[in-house]
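First the structure, which I've put down as structure tokens, then a few questions once you've had a look.
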């Protein structure tokens, strides 16, 4: 390994404790987002005298804390069933169940409350659609504007099968008689 | 080598089915072209043309309670905002300008001023939390400008959810019957105000 | 300096690609200049050299932390571990396009090398078409997506690779996937060569087959890797979300599967010519469509690259031109190929026709679901979402008849129906049904205190029967065949391997969906939870420092009864430059089940507790094992000697081989003027080389 590579490695390793210090600052500030600028303006650009041990902060202090009671299994079963059909509105295509966005957390709490009140799945869907529109449902309702979506593939299948069946025959076709040129060529091949 | 073969075979009938793939493809391209001009993340509000959701919220500074009933009889611009929202700061001058429009009531709803990470499990409706949010809300408006005739605190975000809020800031126009006529998600820009909001204001009058 | 060298290399590559596109096509279609046709191969090699140079220059910039290159600053920083520094090249839009053109030039050179005995005109046309595609992509890179763009002043630190992508899966999944997408351009180029020259026969199909199977294999591998990666990386145990970008990889796969089967018919029977060409165009078009969907911003997806309207317009225009021209050519040429196919119901051709129909309809369903929100929005009819509930309800019913047809399709002969063959294979079917019923009744995990474990239902029976039938009948066929003299070729083994892979995949999906158990719990130190008969006890939670992250790590011990069988260490990581916490699930894998634990958030209150999600996922590994079998099967099939033997023959020799089907009796019948069906058939075979 060349000196260049060794120097590169040493340099990378030296950034580690600096990285810890940066993390401690960022994590301790508990801000919703660590701005990119903080990285670019960090003291990483300056020279390092030596690895300085930084106190490792307790990550728990800053994580989103939950204080709600766990769901009963009946509620959980209903929750699993409906949450997969609901969309997180502020995410890049995620379901309500798996998203960590704050609005998703709020909506989860709301839906859980509705389940515990005994509202049906349809009621819950109506609740959300009234506020957010059809966008919030991953399973589109079957109404005229979605008929093509729900029935299209099966209509297409039936049509394609009908065409395919029409193309098929019952028994193998009798081959056409040989043309003269084919006959001649066959003679050549057989006699060669 | 045989003769060049780009000459069309003579006397061929062209059955129509051969054009189906091409036609379907071009149709799809047309839709994609239109789709390029749309924003798939933008959610139109289902409230448009329907009455604003019923609610009751305390006014900031303890001056009483505001209910959705009070929308009736006046033209209102409802703006959902928070001090931690960068876009709210950007659009505030526009709100200040709009507040000078005669006959337009400005109602600000301070949505979830204390976010979940800051609350850390505390009840958002507790006196302590409300006090903290009030102080921040007032200080911010003091600095940025008092655009709102009425400023309300939505501590747990329930009212915002009833409005269908999915990101801050959001602005609604509610007419004299309490019906929502317009929604804009994101910071207001001069273009949006000129092209969409002002014509509506004139129309409603 | 090196970024500028790379940039220059790309510019030169674009000109070389233009020459590779224009000269060989001109020299084989418009005029007949052998000199221009022979230029195709060296130009392809030159293009590869230049693109490798450009790729190397970008690699060098990443390795050396050259943050003056904007793309490097956006996707890496000094703390990023070395492997991810290099694989970050394809993490963003510009670099991934460079990977695309690199793969395209690699496939072109592969075609140039492994086509020694193909007719020169055909090679020229194939490489010419691939060169044309390359011109489009290089033009796109140079005008709108230049990875070598500089920024001054150079920042001292880069932004970092998204933590989600800092994983071995990132290193391998995009290259494999792109090998598949781009490999389909070879089949497309063969199709275009046929359309341009008007020449399409059994030999063409035989030459195109190994390339298509190879591309299909890579695509299968790429999709499987993506699914596996999502499973262990995202922390919620899901492995397919019907996200638009996932669908964009599934659609070409479905059509490519139909294509390899349709090519089989064109090769062996000279039928389905127009349909095969259309499938070849379709498969690559869907690859291009996928490229468009990911980069244009028309659909929302976690996979989408940062978007820019100008880029979307360019790709759409490119897509419209490439596919529009090929479909117009198809409309022109297809009528002359269309009339020959009349498969006999119950013959192998008819089953393969059914295969094509079902796969294409499935693709259409996925396409419809993926684009429907856009269509409705474009028509100003509102905004709706189409997600997993829709796709599962529509796709699964379409797959059932396909799986059902797989077994009869492999036992019936060509050309004629023989229902006796199907009757023979019903016995394994009955056995599979019995086994699946038993599985559904008794396959559930042990009951837990609080979880209602799912028992299998009729879906379990159906999935189990379909998968089991394929496995058992495959085994039966292999046993029968091995009793006969002679050994079947690699392609035959490949087919069984791939079909076995499909069966294993189906069984895996059925198993995990029927019997999966999930528990959300809160545990303090020393607490335990029992899931599916296994006890998970939380021993400790502490902090752990990684190269560029800080993690909260839990240690759980797993007990079967009283015996400790393992330790799981799920983590929650916070990376240096991202506030988003990443979940690193802990998975205990074996062939029969995964035990999957992910660490959630710490909970308020004393004593300290943490939320955990524990999964028992039976048969989930079979999903990826099945994909591996499919890839291996495809690999075997691509290397069958049949294809390589053809490479040593001229077209005339292929046809002359038919002479061995003729016999002295046929000669005397010919002399006597008698023309029985058998004699005519045999003689025609002799003349045309195509078996009836």
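In order of appearance the chains are A, B and C, and numbering begins at 1 in each one.
Everything that follows uses one rule, which is that a contact is a pair of C-beta atoms (placed from the backbone, for glycine too) under 8 Å apart; a residue touches a chain by one contact, two chains touch by 3 or more.
Note that the coordinates shown come from a computational prediction; the quantities given were computed from them, not determined experimentally.
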| item | value |
| --- | --- |
| Between A-B and B-C, the pair with more C-beta contacts | B-C |
| Of all other chains, the one whose Cα centre sits farthest from subunit B | C |
| Distance from subunit C to subunit A - Cα centre to Cα centre, in angstrom | 18 |
| Between subunit C and subunit B, distance of the C-alpha-averaged centres to the nearest whole Å | 40 |
| Centroid distance [mean C-alpha coordinates] between subunit B and subunit A, Å | 25 |
| Residues of subunit B whose C-beta touches two or more other chains | 43-44, 120-121 |
| Touching two or more other chains - residues of subunit C | 300, 382-383, 604 |
| In subunit A, residues with contacts to at least two other chains | 32, 64-67, 133, 135 |
| For the subunit C and subunit B complex, residues of the former touching the latter | 29-32, 121, 196-199, 278, 281-282, 285, 292, 296-300, 309, 312-313, 316, 319-320, 323-324, 327-328, 330-332, 334-336, 338, 371, 373-375, 377-378, 382-383, 604 |
| Complex contact set, residues of subunit C against subunit A | 77-79, 155-157, 159-160, 234, 236, 238, 241, 243-244, 300-302, 304, 341-345, 350, 353-354, 357-358, 360-362, 364-365, 368-369, 372, 376, 381-390, 393-394, 398, 415-416, 450-452, 518, 520-522, 543, 545, 547-548, 550-552, 572, 574, 576-581, 601-605, 608, 611, 656, 658-659, 662, 666-667, 670, 675, 677, 680-681, 683-684, 686-687, 692 |
| Residues of subunit A defined as touching subunit C within the complex | 11-12, 15-16, 19-20, 22-23, 26-27, 31-34, 36, 39-40, 42, 44-45, 56-60, 63-67, 70-71, 73, 76-77, 80, 84-85, 87, 91-95, 97-98, 100, 133-140, 145-146, 148-150, 152-153, 156-157, 160-161, 164-165, 167-178, 182-183, 185-187, 189-192 |
| Residue ranges of subunit B in contact with subunit C within the complex | 1, 4-6, 8-9, 12-15, 18-19, 21-22, 25-26, 28-29, 31-38, 40-44, 120-121 |
| Contacting residues of subunit A [partner subunit B, same complex] | 30, 32, 62, 64-67, 89-90, 102-103, 105-107, 110, 129-133, 135 |
